[in-house]
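Structure record follows, encoded as structure tokens.
We call the chains A, B, C and D, going by the order they appear; numbering starts again at 1 in every chain.
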Amino acid sequence: MEAIFFQILVGLSTAMLYWVVSVGLTFIFGVTRVLNFAHGSFYMLGAFFALALFKWTNSFVLSIALGSLAVGVVGLLCERGVIRFTYSLPVAFQLVLTFGLVLIFEDLVRFIWGSVPQMIRPLGLGVVTIAGRRFPIYSFVIMGTGLFLWIILYFLLLETKLGLMIRATISDIELAMANGINPHLLYAFSFFFGSFLAGLGGALTLPMCSASLGMGERIIIYSFIITVMGGLGNIKGAFMSSLIIGISESLCAFFMPSLTIAISYVILALVLVVKPEGIYGEA
Amino acid sequence: MERLSNKFLFFVLTSILLLTFALPLLSGAYTNYIIIKISILSLYAVAFNIMFGYCGLLSFGHAIFFSASAYTLGVSLTKLNLPIFVALLAGLLTSVIFSIIVGFLSLRHKEIHFAMITLALSMLFWGVVMKWRSVTGGEDGITGISRSISMIAYYYICIITVLSCLFIIYKIIFSDFGLLLEGIRENEIRVEFSAHSVVKLRMLAMIISGLFTGIAGILWAFLDGAVTPTIAHWSFSAVPVIAALIGGPQSFVGPIIGTIVYVIAEDFITRFTLYWQIWLGIVVVLIVLFFRGGIVGTIAKVVSEFYHSKLREKYREREN
Amino acid sequence: MREAIEARREFLKKLGIVGAGVVVCGSLGLPKAQASSRKRLKDKIKIGHIAIFSGPFGTYGELQKRGSMLAAEEINKVGGIQGSKVEIIYKDSRAKPAEAVKQVRRLVESEGADFIIGIDSSGVVLGVAQVMPELKKLLIVTHAATHKLTEELVYKKGNKYAFRLSVPTYQDGTMAAITAAQLPAKRWACVHPDYEYGYASWELFKATLKKLRPDVQFVGESWAKIGTTDFKPFISSILDKKPDGIHTVEWGVDLFTFVRQAKEMGLFDAVRYKDGYAWINPMGYSIDAMEALKKEYPEGCWVSGRYLWQYPPTELNEKFVKAHYRRWGHLPAYSGATSYTAVYLIKHLIELTQTLDVETHIKTLENLAIYSPIGEMLIRKEDHQAIYDVPFGQIKHDPKFPIPVLKNFLGMPAYMYFRRPPFTETPPYTGYPPFMSL
Amino acid sequence: MFFRVENLTKKFGEFTAVNNVSVSFEKNVITAIIGPNGAGKTTFVNLCSGLLKPTNGYIFFNGEDITNYKIHKRASLGIARTFQIVNIFQGLSVWENVKIPLLSRKNTRDIDNTITKLLTFFKLENIRYTTSSEISHGDQRLLEMCMALALNPQLLFLDEPLAGINPQDRGVIIERIVEMKRSGITVIFIEHDIESVLKMADEIIVMHKGEIVAKGPSSSIKENDFVKEIYLGGC
């Protein structure tokens, strides 16, 4: 019983990382209706930026903050430079365009940082003992960030004028435009914010694992699964499905380790076949 | 205009055809190999485009049909030692069965939901392929699928098979059935009100698409003599998507052009640099940005505009 | 030097294996004058090198490239192979079999490669080896470890065109188990990557260890897919099984993550014994892992590789390690060393046979004894596997070196733990345990 | 009874669009459904044609319970319809537009002749190869009716067939509708323009707030006080 509890706790920390990254994708989709395949690349960039900044500033908090902001700027530049020209095209074209961006970012990173995965020294936050097992304190940092983000997003969407604009745009773009909302400003902001979150996720993983090529490809699939499962563009849905995927993977690793590879696809397929619009429906 | 472009197209196609058949006599083995690859992937892309271009359904699950037939063939030949015709039939049958299953689960849904369900099913299938090691060989896949004929002979077999498949697909698309599919893409509800079951029509399209994808899968399995899980992975489902979008999903030749452009660009780039991704990425981005709606669509538009402006000039001259 | 080789050859003869010849792979090769006096066979000898250059395992291409490029530079500096320059063409396999096959075809059919070397993963090597008979060129594998290549493709199906200079999964499974048998641990568990290499290694490990130590138990298995960034669920579920020994063949970037998280969650502490950790990581001493983890990899873990820069302590190896360090600023990785050897092997093969005829090459390579930085190898005729031993050692943090070094080597002659044709019996063979004195 | 609904109810959340409607239609009669905006007329037609599923109630056609039949099944039984906003295949030619419903017939041998006949009936034969998005709005209305007719229906729903048509073109459409009745088709249509309604309809149904408030021959409906008050009041 204790083991299962611990496994769920471990799953929670995984889930929160998935949530931070995939809510960025969800947010971008909700506002712009673009499925951004390059989101994973932004995640990778977040890790590499933070790595470079850490070597320079030697401060983890500073490098995470600056690194993810820098990724936000890269996202903004991509949107202004390339993606915005494809808003009028069907979703599939944007997928292919952002796939092209993925290829470009992969090689740029390889060119700048080389292909050897890199690590920073561990933060040395230590562990706490829960249910007779050791649990890294850093995982609490990730969980805290995730929950904090949840609160911030709620605040942002419900209480601020920007949130109102965003909700208006999500529900009806034409009406929003008629009411004097400049959608391009909002699109640009959503890409900045979404990419910032991807970068934040990437930077947050740095003390746990390494900055490596191809790390974006692994996370993008999870982000897609979570975004689709929760309901495209639905932030609440993204939160719930992050939890489902994170915890079920963790439990699967305990009960049926050899099936962990497929569990998230099984869940996704089941959810979609029963409820194609996702758990909470499309925003 | 229509007539002219048709004649031109006919001329181009015939010369390409003749060249393709004469090529093994003129060029090196590698060129032949690449042409086989292009032809197989073209068939894959065109078969995929039955769903995408004509039904308006973006499938991310065609790797299932592709790998289902390839794996069935591989297993029947190397593990069960069945005769080749039985293996071929079994392969195609598996593709059809899987297209029915996938269709049954996904066809009620549309747009991005359809894409995502097919993606999920495709990854599920990939998981099975990876895990069912006693049959599929896991990550290593199945090797030793013997083609037992020379590459040149195989070249002709591939070209002829692909061309006849393309011809059949062409006939299907420009038949009444194709008109109905186009109708579905245009206006689904109207098709329903015209007393056609959209789901049934789509299912039929899915089966046809799956069948031809299966044929491509079989040709692929024989080409390298090996089947590995990479062809079941979602990224292999993305291959025809990219081809169709680059070439132009609204036309029959679009996916073929897309495949040719992509394969040749990739081949050209990897010849010179290990940093192939960045160049390929730039090519893809530029094509999406500057050939909006695909190469074929854009070229057709430019040509027709050119033609119209010529006409206008003529009128102006006459007026003057 | 010569005497040493001759002695080695005598030793091999005693084993009943008649070597067709002995070549020296490395910068101690044949004198320059002798080489250039022979006729030039070709303007340029082209070697196609296929490895993973992009994606998460792109490092492995880079590491191999360092080896083969160094060898080519050294050879070209002294006049190439009988006056022909060596050119190495690098291609990215992307870890995809079909892509690798395409690149091999292009190298041979369009770019005029005379040999193919490299290749990283088992699926890719099986795919590529299969087309070699059609292309009629030699394939010298320098990294991929699957024993299916040598046991099934070469031995059972008679594919004569593939050779392997790197150790197969015998190192990851059999030798790992032999090392494990020396440790007090009795409850073994594994954390493996979820694909063929993981399964094969674990099966060999279990079979061998059970034979040597009937008292051990295998208490848990954990299969993490390639590219896992969060090993915590796997580690905690393994910890729950209360193992006192861990066998893991994680490699590359996954290994970095795994070690870091295992340390945090106390998996190392669980397998501690008085002289170190009952932690067997056959590919742990990979240069990329050591450079990334440095002191994070706990002292006292048992690790190995397909070659260790400290072993064998020969002049040839020392020269190679120094040259490699001078050229690249890094110590050589195992796949770098095998690639280096492969290029030299090609040089000597051509000089020995005076031809580019592949059939002659195959005949010459079979039962050839090679003296290389990796050690003395014999290419076994039946399965085309280079037989050489790589010991296990315990990690030791030594401030004199940029990365951790290995101590307390534990090794065994390769012919005792490599499986032998017809590949039915579980090694180790007769006379266990005659450990090599190092 | 030719076409009959029983206790038909449709709720959208709290809002009841069609409330417990029971009504029957005779064969070969043109019935008009009138009523103010939001009376539930279109919802009623949508329920009958299968576009919406009723919350409650039954629909019978030729004595058969078709409540749970899908759209295409109803269409093949002979229930056709047009829409308030023209609903045709915009990207296809006029000819192809008519061909699609015809392809659902069992016997497709004489299809080209049938298309020509239909197009001639609606005076569309001169623009048969034009892409339908490029023809005039009135012609698009006619085309949609033509497509409905191609199903060889017994029952035809027309949702505001005159919407957006300028007065001089209305005559053609009205003429066609009356002619359809003559060839044995039962027509049920929604219309706001009361003059045209009176020209065409034999029977009139008045809907208000989801319920049928009056039903009867057009002459008597005109005299209905309730109708005068809520609908015809202005006239």
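Things worth noting here:
As a working rule, a residue touches a chain if its C-beta (ideal position, glycine included) is under 8 Å from a C-beta of that chain, and two chains touch if they have at least 3 such contacts.
These numbers come from a predicted model, not from an experiment.
With centres taken as mean Cα positions, subunit D sits 50 Å from subunit A.
Averaging Cα coordinates per chain places subunit B and subunit D 42 Å apart. As a whole-number value, the distance joining the C-alpha centres of subunit B and subunit C reads 40 Å.
Note: centroid distance subunit C to subunit D, computed from Cα atoms, is 78 Å. Residues of subunit B found to touch two or more other chains are 130, 276-277.
The set of subunit C residues touching two or more other chains comprises 53-54, 61, 194. For subunit D, the set of residues that touch two or more other chains is empty. Under the stated contact rule, the graph of chain-to-chain touches falls outside the line, ring, star and complete shapes.
Which chains touch which is summed up as A-B, A-C, B-C, B-D. On the side of subunit A, the complex with subunit C involves touching residues 3, 6-7, 10-11, 13-14, 17, 106-107, 110, 114-119, 121-122, 127, 133-136, 138-139, 205, 208-210, 212-215, 217-219, 249-251, 253-254, 257-258, 260-261.
Residue ranges of subunit C in contact with subunit A, taken from their complex: 53-59, 61-62, 194, 221-225, 227, 229-230, 232-234, 236-237, 239-240, 252-253, 256-257, 260-261, 264-266, 288, 291-293, 296.
Residues of subunit A that touch subunit B in their complex: 35, 82, 85-86, 89, 91-93, 95-97, 99-108, 110-111, 221, 224-225, 228, 232, 258-259, 261-262, 265-266, 268-269, 272-273, 276-277.
By the touch rule above, subunit C contacts subunit B in their complex via residues 53-54, 61, 90-92, 96-98, 101-103, 105-106, 109-111, 122-123, 126-127, 130-131, 134, 146, 148, 153, 157, 194-197, 199. Interface residues of subunit B facing subunit A in the complex, by the touch rule stated above, are 52, 58, 105-106, 108-109, 111-117, 119-121, 123-124, 126-128, 130-131, 234, 238, 241-242, 245-246, 275-278, 280-285, 288-289, 292-293.
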